[in-house]
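Paired with chain B in one complex and with chain C in the other, chain A is shared by the two complexes that follow.
Let's turn to the complex of A and B:
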């Protein structure tokens, strides 16, 4: 520290002298380079003033006393900057530490999500889930049971970031601890609701939609817990309709019951499940309309389910200037033609 | 070694007197301009804390020495004591970015960084004693 100060001082005297003699841009450029060097060496602002004073003592020892006194004044003024500068350095280190911790946590969280979509002969499945920042409050899950039925869950923890991510890990363990045999969507949500109600602070809520596709009869059974409605695409009529399921959010009331709905799925029909980060994409003109979303999905509907969700995500991300305001999850299940 | 000076702090005038006494002693001991400013800034912060949170207390200044392999080391010790409400969570006020200090690096963590040694004792309801030292380089 003391050594680097001495070295800085020698250099400062040298470049200031050059500048005072030549008074040109080269000298000022050297000053700019030097300012980077003082930062690298963690020389604080009041020390820079001190460097200047010491240099002046060499060049102009005969300055009036008032000028010298004024430097004491200047050093005192710079003290505040010096203190802020030191705090800044420490906070920067702290931030790096926090960031690396969050990166580890975010990687861990990724392992909670399924690696791949289930391979089902009758279905074409696409999924995309992107957190707004590093950690996500969205959760999705696929399960294939012995009868070949495909269960699909999508959940959104109200809020985002680390608290939502912690809550999401609990949903994952809640799902894992449910009985092995196939559960009807309504019963599954009732079970999960009790887990959430017991384990999560009363100010955290989770919305969820759970559906089960039976490929033997091509019926989609589903129930919802206050979740953003999805869509059902009817290929024969080329129309989208809302996939709504009435039900209270998870964690609100221990004894909530969930109604079960079902839809007959014809070849080429598809189900769209999403989190509210998809419909709450904000552009300069406000939230996008749900029609805007169905228009986008329709536009890509000739592609595979995975390509549809990828393209829709890209378009909506672009609309928002490539910065997401909320976690984004979109799932499409299509009965193959 | 040298005499200690006590300055009572119960107004902004007390803060100025403490600074003045600190600067005089720092000069006497041979501290340079920047270190003088650091010492007086530390005194300012400590005295302001007394004035704002304990209403009154005192700042004790003393030149000290320690023997080391390289010879005798000289330094300046500041003790700030009050019988105010004390600090409930010292760990919290020693945390950077803790806001009641007014932010931007001031407050106790700022004082700690300006000085070479820092020690604090606080008992809720009884008061606070903060001892800091700056060694001559």
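Let's turn to the complex of A and C:
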């Protein structure tokens, strides 16, 4: 530190001398460069004044005493800046530290989500999940069992950011610790609800929809725990209907029961699951209507499931001025024609 | 943004008028106003939401917390004046079946 101060001092004397002799732009440019260097070396404002005094002592040793005294005065004034600057440095370091911790957590959170969609001959699956900030409160999960049934879960954890992400790890481990054999959606939610109920604060809750697609009979079985309804697209009639499974949110009552619903899926029909960040897309004119969403999905329905969700996300993100207010997740499962 | 919160003493309990949007930013104001009311044994707490046009999930969480608190303190929580959007939220989450929500005649 002392060494770097001495080096800075030598350099300051040199560039100030050049400037005083030539008084040109190059001298001023060197001053700018020097100012970056003092910041890098964490030299305080009052120390810069000291550098200046020491240089003047070499160039003009005969300055009147009043001039020297005035520098002591100036140093005193610069002290306040110096302290504010050091505080700023500390905060900046702290912020960097926090940011890197959040990045680590966000990366870890990514590992909670599946890397890829299951490969099922009969199904075309598309999924997109984009957090509003670094950490997400949306969770989704795919599982394929020995019978070829595809389980799909979509959940929305109350709130956003770090608290939601912490809660998500519980859901993830809760799902992983469920029995190996295929669970009926209702039973799965009942199991999970007991885990959540025991482990969340009183004002936390989770909404979830869980469905299981049986490709042998092309039935989709599903249950919901207070989750935003999805859609069912009927290709023969070219209509959308709400895919709603009424049920209480997870984490409220230990003994909640969840009703199971089912739907016969014909070739070309598809199921849309979503988080409320999709339907609560808020534009300058207010919230978008659910019809607006089905219109968008319909518009892209000739594309693959993945391309549909990508395009719908892009259009809705555009409507919101490319700044998401809430985490956004959209899943489409389509029976291949 | 701030919530507009006004209370009116009832014979046994309190009527709480809320106005504004209950979201992640304002939810704590609601919690501070609502939770202590539910902690009095036997209290009647009525929340009037006529002037609330939007509740997000954090806001909903406050009502869930208040419901749990009312259950454990043997007080009584009731919601009135929900608009369509807010009512839909309580219905989708299944909360309309565990909470006392006053059905109002449609003022058409």
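Quick note on the criterion: the second predicted complex is superposed on the first by the 272 of 337 C-alpha atoms of A that agree within 3 Å, B and C clash if a C-alpha of one lies under 4 Å from a C-alpha of the other, contacts with A are read in each partner's own complex, and residues count from 1 in each chain.
One rule holds in what follows: a residue touches a chain if its C-beta (ideal position, glycine included) is under 8 Å from a C-beta of that chain, and two chains touch if they have at least 3 such contacts.
Predicted, not measured: the structure shown is a model, and the values here were computed from it.
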(request) For A:213, decide between first (touching chain B), second (touching chain C), both and neither. (result) neither
(message) Output check: A:90 vs chain B and chain C. Expected answer is one of first, second, both, neither. What do you get?
(response) first
(request) Considering only the touch criterion stated at the top, classify A:75 as touching first (chain B), second (chain C), both, or neither. (result) first
(request) Return first, second, both or neither, reflecting whether A:233 touches chain B, chain C, both chains, or no partner chain. (result) neither
(message) Quick one: is A:276 in contact with chain B, with chain C, with both, or with neither? Answer first, second, both or neither.
(response) second
(request) Kindly classify A:47 by the partners it touches after superposition: chain B alone (first), chain C alone (second), both, or neither? (result) first
(request) May I ask you to decide whether A:202 touches chain B, chain C, both, or neither, giving the answer as first, second, both or neither? (result) second
(message) For A:247 in the superposed arrangement: first (chain B), second (chain C), both or neither?
(response) second
(message) After overlaying the two complexes on chain A, where does the chain B footprint on chain A coincide with the chain C footprint?
(response) none
(message) Which residues of chain A touch chain C once you look at their complex with the stated criterion?
(response) 156, 158-160, 201-205, 207, 225-229, 244, 246-249, 252-253, 276, 280, 287, 326
(request) Please give the residue numbers of chain B that touch chain A in the complex, ascending. (result) 32-34, 37-38, 40-41, 96-97, 104-106, 109-110, 113-114, 137
(request) Would you tell me which residues of chain A are touching chain B in their complex? (result) 2, 46-47, 49-50, 53, 71-72, 75-76, 79-80, 82-88, 90-91, 94
(message) Applying the document's contact rule, which stretches of chain C touch chain A when the two form their complex?
(response) 24, 31, 56-58, 60-62, 64-65, 68-69, 85, 92-95, 97-98
